[in-house]
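Chains: A, B, C, D, E and F, in written order; residue numbering restarts at 1 for each.
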Amino acid sequence: MPTVTIHLLEGYDAETRQRLGRAVTNAVRSIIPAPPDAVTVMISEVAADNYMRGGSARSGAAALPDPADTVRAFLSAMERRDLKAARGFLGDGFEMMFPGDVRMTSLEELVDWAAPRYRFVTKRYDGFDSLPAPDAGAVVYCHGTLSGEWPDGTPFADIRFIDRFELRGGRLTRQQVWNDIAESRP
Amino acid sequence: MPTVTIHLLEGYDAETRQRLGRAVTNAVRSIIPAPPDAVTVMISEVAADNYMRGGSARSGAAALPDPADTVRAFLSAMERRDLKAARGFLGDGFEMMFPGDVRMTSLEELVDWAAPRYRFVTKRYDGFDSLPAPDAGAVVYCHGTLSGEWPDGTPFADIRFIDRFELRGGRLTRQQVWNDIAESRP
Amino acid sequence: MPTVTIHLLEGYDAETRQRLGRAVTNAVRSIIPAPPDAVTVMISEVAADNYMRGGSARSGAAALPDPADTVRAFLSAMERRDLKAARGFLGDGFEMMFPGDVRMTSLEELVDWAAPRYRFVTKRYDGFDSLPAPDAGAVVYCHGTLSGEWPDGTPFADIRFIDRFELRGGRLTRQQVWNDIAESRP
Amino acid sequence: MPTVTIHLLEGYDAETRQRLGRAVTNAVRSIIPAPPDAVTVMISEVAADNYMRGGSARSGAAALPDPADTVRAFLSAMERRDLKAARGFLGDGFEMMFPGDVRMTSLEELVDWAAPRYRFVTKRYDGFDSLPAPDAGAVVYCHGTLSGEWPDGTPFADIRFIDRFELRGGRLTRQQVWNDIAESRP
Amino acid sequence: MPTVTIHLLEGYDAETRQRLGRAVTNAVRSIIPAPPDAVTVMISEVAADNYMRGGSARSGAAALPDPADTVRAFLSAMERRDLKAARGFLGDGFEMMFPGDVRMTSLEELVDWAAPRYRFVTKRYDGFDSLPAPDAGAVVYCHGTLSGEWPDGTPFADIRFIDRFELRGGRLTRQQVWNDIAESRP
Amino acid sequence: MPTVTIHLLEGYDAETRQRLGRAVTNAVRSIIPAPPDAVTVMISEVAADNYMRGGSARSGAAALPDPADTVRAFLSAMERRDLKAARGFLGDGFEMMFPGDVRMTSLEELVDWAAPRYRFVTKRYDGFDSLPAPDAGAVVYCHGTLSGEWPDGTPFADIRFIDRFELRGGRLTRQQVWNDIAESRP
């Protein structure tokens, strides 16, 4: 069964409303696994002048970008070593945890730390998972495989990795990285 | 704003309804970051004889257990090497991927593979993240640190790990493991 | 799609609510032929003290019996010539139209009219069709075959008939009869 | 009371929505005979991109033509012996039952059968009744009087008839006819 | 909590809908003093062809002007002795009660009665209160202070007054006046 | 038309829900003067565990007493000079304005002020009007006539009065009094 009606202020574009509908459908079915056809979601858009709380009109919060898109763009900037672009995705207090429990807070630190470890690395993604966190935050996971070259120029490939990101207000506040480089390192 | 009304067949217990309400709240806020107080979820329970599809009464799907609880129980059974209990959480086609891209499908295989690697290992969790997946599935992540003893009895601790589980219909179908053991191994 | 919510005062029994749900489902699908599974009807029962019109509480109208049941009971009483019982189903201004455009208003007239036509007659029903009519009325059709004995005792069977009834407020106000007796009469 | 809300995908024209509203009103009042003013029907049109089942957008079934209109058009084509037009209304497996339990399956058969019975016949309708049948089918009744000419050219009039039609997917699959011709035939 | 949904025929302007939303918010909070943010009012406008009562379309009643505006305009016309304009606000059976239990029914009477009491009087308002009365009536109170000149030309000011008006169908049917003139009169 | 649905946490007694329904009906009709029968109010009670804001359960605010009842009880206590009881109805910052623009803040002051004016006074009420005010406040008016005895024992009667009260959170914060005593005083 569950039939879900969402009253929403007018002004969100169709893609946002579709993301909302799918997210709510998945949320419902993760708890009550009704057949897909039995889970109905309807969005009823309410004009701003037909909505009040406490007798006052309200405006809606802007939709958040898909946090997975933010993570993907950050990782892509890092791969091409465009630190300026990458830095644009970071929020206050950003910190990184890399294999061996290495903790860093600036992208330059990371570049220095990586230099003796590999010449370059490219990520192939097997999947992204995003979930909301308290206070309109989000957590994004991505996993897949790394390929690139060791410092001596030998190529490597198919090394498993997983990254965990925390976002707040659409910006990255933490990146945690695990991978099999230590298993594979020559 | 968003105000969400969920019409639900009667018969789900309060905890399930609360989980449903929180899951939907999170789903909404991950896309539209309204202040918490502005996201209202109401569940309207409909008696079975007040609900029809195509003119016929329907019964509701049984609620799924919290997938994080399932994962926690499975990991606990594995830690104490209670394979029988652990096996009870597995679904068809269960597979595991461990560091070094080791793929296994039975718990016995895993026990054999681990034997030369450590005497025992205990997990301390920093957090669980669960999210709904299509087709009433779920994904659960947990991360934290491992402690235990190397084969020679030397203790180890504070080794970072992360596990990713896929569930379908409440049962585990995939476990992916990453950790820093290779970084730390003596 | 159509999803129908009916707010109804508390107090109608489950059978009445199920009849209501089916009648509304049929009404919807006669105009919008959605697949059965896509037509959802939910009844929301409202306690009398939670409902007001013009600031005053209201009580609900008593449910009408299924008009096909009323017709069936009336025809059964007529077959066994229990005129008293049959009369109990009649409303004000009841009239009958029989083959040859014979119009009658009392059951006694009908019995007299039938006497020279057959000794007795029994109906076998192929089906009943009921539909709502304006002003809380209903129309019921039943068709099937007649068997019985001609005045001389010769049996007859398999003579097609159809009856059309109008009801108002649960009582019969008109009966129209067509059949093939004139085609078959010896 | 009953207050009925119908959530309907956008795209049905006003006439269809009005037919839907009246059909549902009649359905409700045939079971709960509330005063007309107390039966409220509201249609809430939902944009296609605000509606999902199982997380996927759906499109609505096209509205069915009023089955009584289909029957009327078929009978009109038959009266003027436009068999081509009439055949256009027939569905697979169409069959007819006429007085005397005559069964036919083609319109040509019917024309041959009627030839020795009357030169022509015209129907005057006293009313049409339509009701939904399972699987988006419909049943239509019409009754009234026949006028025309006997084979010898003598006119006749005011002969009662009733027709019962079954439709499936908007096409006629069965016609059952009863009338008083045998009562009136010279 | 309370979350209020008002289904309203399309056609009321935004100001009317806002007045409606505020009036309902105040009505709710006067009984259930939830924090303002917790009282949500949503207006859902229903197109005329999506609304039926008893199977018939209905049109909505024209919105009433704010009764306080009517009172203010009447009092302003009286202050400037524009009796023609003032009379335009009066309904059938209008009557006035002034200090000393003086009862009058025409504005001319009032002018005559006031003549020996003051040369002119001007009202400064501290506030208006309006409330609905049965049968779409309204009651309006206004209070504040009077200033003007006594018959001998001496000025006066700061004399407290209160007026109570009854309206029916947007027109004044009764005015009751209390003030401190007798306390202040020289 | 307007059809109002109020979703309300369970736990308010029937009288409170009826007051709420009437208050909302009046609020609606003061702006849109639909015929009483066309204004439907339905209250849908939501169990506490079926309601969340921001993912957390909430409890409902206690209903406020009818402010007219509070005023009546206060005035009755004052008539019988039960200052203790009367004081129980007063909120912080209570103030009074009496004829002649006399301002007082304690009930004792009032008693002293009244002593030389009348021996006692009794109120006969012609009516109470209550209306919601912003911030869960209320305004109550009552008017009618005073009777009692002048200081010399002479009786008086039929002296018009009106009182205006402001309440906040169910307690009196202001009383404004006007009457014709100065017109009538011997």
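The rule is short, and it goes like this: a residue touches a chain if its C-beta (ideal position, glycine included) is under 8 Å from a C-beta of that chain, and two chains touch if they have at least 3 such contacts.
Since this is a predicted model, take the numbers as computed values, not measurements.
Trainee: Tell me, which chains sit next to both subunit B and subunit D?
Mentor: Touching subunit B as well as subunit D, we find A, C, E, F.
Trainee: Rotating subunit B so that its CA atoms sit on those of subunit E: what angle is that, to a multiple of 5 degrees?
Mentor: The rotation relating subunit B to subunit E comes to 180 degrees.
Trainee: Could you check which of B-E, C-F or D-F has the same interface as B-C, with more than half of the contact pairs identical by residue number?
Mentor: Comparing each option in B-E, C-F or D-F with B-C, the repeat is C-F.
Trainee: Could you pull out the chain whose C-alpha mean position is farthest off from that of subunit F?
Mentor: D
Trainee: Measuring from the mean C-alpha position of subunit A to the mean C-alpha position of subunit C, what distance in angstrom results?
Mentor: That gives a centre separation of 63 Å.
Trainee: Can you check how far apart subunit A and subunit D are, centre to centre, with Cα atoms defining each centre and the answer in Å?
Mentor: Whole-Å distance between the two chain centres: 57.
Trainee: Could you pull out the residues of subunit E that touch at least 2 other chains?
Mentor: Each of 1, 3, 7, 26, 35-38, 40, 42, 44, 46, 51, 53, 55, 134 in subunit E touches at least two other chains.
Trainee: Pairwise, which chains touch?
Mentor: Here the touching pairs of chains are A-B, A-C, A-D, A-E, B-C, B-E, B-F, C-D, C-F, D-E, D-F, E-F.
Trainee: List the residues on subunit B that touch subunit C in their complex, please.
Mentor: Counting only subunit B, the residues touching subunit C are 7, 44, 46-47, 49-57.
Trainee: Write out the stretch or stretches of subunit F touching subunit E in their complex.
Mentor: Listed in rising order, the residues of subunit F that touch subunit E are 1-9, 12, 16, 19-20, 23-24, 26-36, 38, 46, 51, 53, 58, 60-64, 67, 97, 99-101, 129-139, 141, 143, 158, 160-162, 164, 169-170, 176, 178-180, 182-184.
Trainee: Name, in rising order, each residue of subunit F that touches subunit C in their complex.
Mentor: Per the stated touch rule, the residues are 14, 17-18, 21-22, 25-26, 35-45.
Trainee: Per the contact definition, I'd like the list of subunit B residues that touch subunit E in the complex.
Mentor: Going by the criterion above, the answer is residues 1, 3, 37-38, 40, 42.
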